[in-house]
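Presented below is the structure to which this report refers.
Every chain is named by a letter (A, B, C and D) in the order it is written, and numbering of its residues begins at 1.
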Amino acid sequence: MKIKEELASLVEYSRAYYSRMWMFATAGNLSVLDPESGVIWITASGKDKGRLTVDDFIGVSLRSGEPLEDDGKRPSAETSIHTAIYSMLTGSTCILHVHTPTSCSLEFGLSKEESFRFVTLPNTEILKAFGNFLEEPNLKALVVHNHGFVPKISEDFKLALNKKIPDVPFFLIENHGITVWGKNVWDANKNLEAAEFVLQVMLARKK
Amino acid sequence: MKIKEELASLVEYSRAYYSRMWMFATAGNLSVLDPESGVIWITASGKDKGRLTVDDFIGVSLRSGEPLEDDGKRPSAETSIHTAIYSMLTGSTCILHVHTPTSCSLEFGLSKEESFRFVTLPNTEILKAFGNFLEEPNLKALVVHNHGFVPKISEDFKLALNKKIPDVPFFLIENHGITVWGKNVWDANKNLEAAEFVLQVMLARKK
Amino acid sequence: MKIKEELASLVEYSRAYYSRMWMFATAGNLSVLDPESGVIWITASGKDKGRLTVDDFIGVSLRSGEPLEDDGKRPSAETSIHTAIYSMLTGSTCILHVHTPTSCSLEFGLSKEESFRFVTLPNTEILKAFGNFLEEPNLKALVVHNHGFVPKISEDFKLALNKKIPDVPFFLIENHGITVWGKNVWDANKNLEAAEFVLQVMLARKK
Amino acid sequence: MKIKEELASLVEYSRAYYSRMWMFATAGNLSVLDPESGVIWITASGKDKGRLTVDDFIGVSLRSGEPLEDDGKRPSAETSIHTAIYSMLTGSTCILHVHTPTSCSLEFGLSKEESFRFVTLPNTEILKAFGNFLEEPNLKALVVHNHGFVPKISEDFKLALNKKIPDVPFFLIENHGITVWGKNVWDANKNLEAAEFVLQVMLARKK
């Protein structure tokens, strides 16, 4: 079954992300979508991402957002963000959400009042990983306020996407981290690598 | 015996901390408390944390602070900080003290006169690792002056805790490092990962 | 066959570069030249540099810049830069092009109008890796504008070299990365290590 | 033979230093002294420090500074610095010289005119690795100008030591790197770890 391979691949990336300090203190959540069954396999809440195994994923219905069965594991508290992305961006079958020190160090000054904004990314060659080959791409990434009530983040994400199709396959939650999506696990990881890279350039230039 | 497993786990974390430059030059000390016997197992003084073994721990009485037996190993010079924490914060059975470049680069200006202060941590998602889920947690961490006489640090720690229950399961010694506590080794490590993360954000934003 | 060993060595370095974040998101390209046959073996487009194998290289004619055979793999989009270097700098048989966060964070302000410039490198001991042993070397490195049309980069590189023989065996493309050359794979890698080092010093001093 | 074990230990550290970017591009040199025979075993010139073996060391007479035999290997160009240290600081049997990005990024403004200076190190707990336990140690480290003619560095080192016994078991060469000494390989490595740590704090606070 293809999902098994995708989960094994996620486990491998998870350990790499942990070693890079992107998933410290159980932070972050990873998922794949099985488009045929409409089931999302997402990391259970509170798992150590440096020791993740395929048994740490839990099946959730894309339609209802509810776990398939009650086996004691709780899906990630941020499952609503995953369902929002899979619903809005058809063709995505993998979502990676990590906390990197870089993405958490950037300050945008969002608040309950101005709760999302599109910010311009520095023109760095690695943006070509997102399929844009213009000499001056001036790509904009969405940043959302880190609402205490997680479904409000998902709502802002949907509001923003209804305004503007995102230039890049990721968005930021201020003070919180990066969320990327992709056609499959490998593609999502490639997008995450490019996103973190461009944010490191952004932070270095602000110092 | 459960303590043996906890020590084996500490040894594994110790080597990871060394490789991250958190325990360079024999710096830092690690301990677990056996609540039943009232014995603290703490790293002996001067051990290479990149090569730690379970034989490098020494048993110390929580009540007296004295080694259980005279086998040539000296307990860490900072044992009094461990006994202060275990005594004040019932339920903690593991303490990790490391020197990270980040925590040592932050300047707070403490002195013999103002020898401790509570400082506000940046609102970063990873603070949720400490069990606080407010949108604007504004958590405060204790910072203590790096007194040359170590028991004075333990004393300041107790004074501060009598003033205010700490918002986070760690405190800082200025120019010196991070000390975290937890319900067990895994929990203490999770707290250390979150503490170092939030301090990296704090330092990056000061630059 | 010697080329096989050189490619195996490139594969090993590729994985090291990936782990250092120098070849994230499939970025960069690596090649060796077989001077006898005039064939360049270059990484095919879009390969994961953390998982590179010797089968991911494709043979290209130095003279025509065209692939030797049509086996479905496309040579790197930056092949013209490799052919420009091998043609201009006889004796070079290896080229390494990577994206490092450091090299992409440095800002030089180049544009279509001023599309290349020679910039002075900080006087750092590691410059001796380039064979210069003066006390105040004041070496200059070429920086080229990141033209959207890649052959324009190769053209600027040739224009610049006709003006001035480069002091160092590498050049930069602004917002893009480092390209080094060497007598063989080991030599090119040594040059890359020294180039990245001196750029890290340059960036640290600008902050 | 004890020297064999010390060299094997140096080889292990060498590879660790390389992986931390402290010995990139063949930079640096490592030695042990056999006090009985008066022979220094030092890395031959130009060796890849990520692939060092015990065969890459060459025997040099402490008294004359000349190689014991002519086997095609050249001793490091900085052998005179090693002989100066072993001669001045009796009891030292290991010297480690590395290029770290941190030590090369710090600027002191030395020149041929003012060719050495003692600079104050930040008061960081890790200084206790050097055996100083004062609350405000205010330790000073020697920094020497990076003379193009290496024996001039050795000479300045001796001049400085005749003025003042160094507070710490290392000195810096501006734009060049750190040189530490120790009672044995393990001790010298401990000193190097502490030196690099305190320099990272110094650099972070300057930014």
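In the analysis below, a contact is a pair of C-beta atoms (placed from the backbone, for glycine too) under 8 Å apart; a residue touches a chain by one contact, two chains touch by 3 or more.
What you see is a predicted model; the values in this text were computed from it and never measured.
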item	value
Chain C onto chain D, rotation angle from CA fit, given as a multiple of 5 degrees	90
Chain copies touching (chain A, chain B) - same or different residues, decided at half shared	different
Distance between chain centroids, defined by C-alpha means - chain A, chain C (Å)	32
Computed distance of Cα centres, chain C from chain B, in Å	46
Junction residues of chain D - those touching two or more other chains	207
Set of all touching chain pairs, with the criterion as stated earlier	A-B, A-C, B-D, C-D
Interface residues, chain B side, partner chain A - complex	122-126, 129, 133-136, 186, 190-191, 193-194, 196-197, 200-201, 204-205, 207
Partner chain B, residues of chain A touching it in the complex	21, 24-27, 48, 99, 101-102, 104-105, 107, 146-149, 173, 175-177, 203, 207
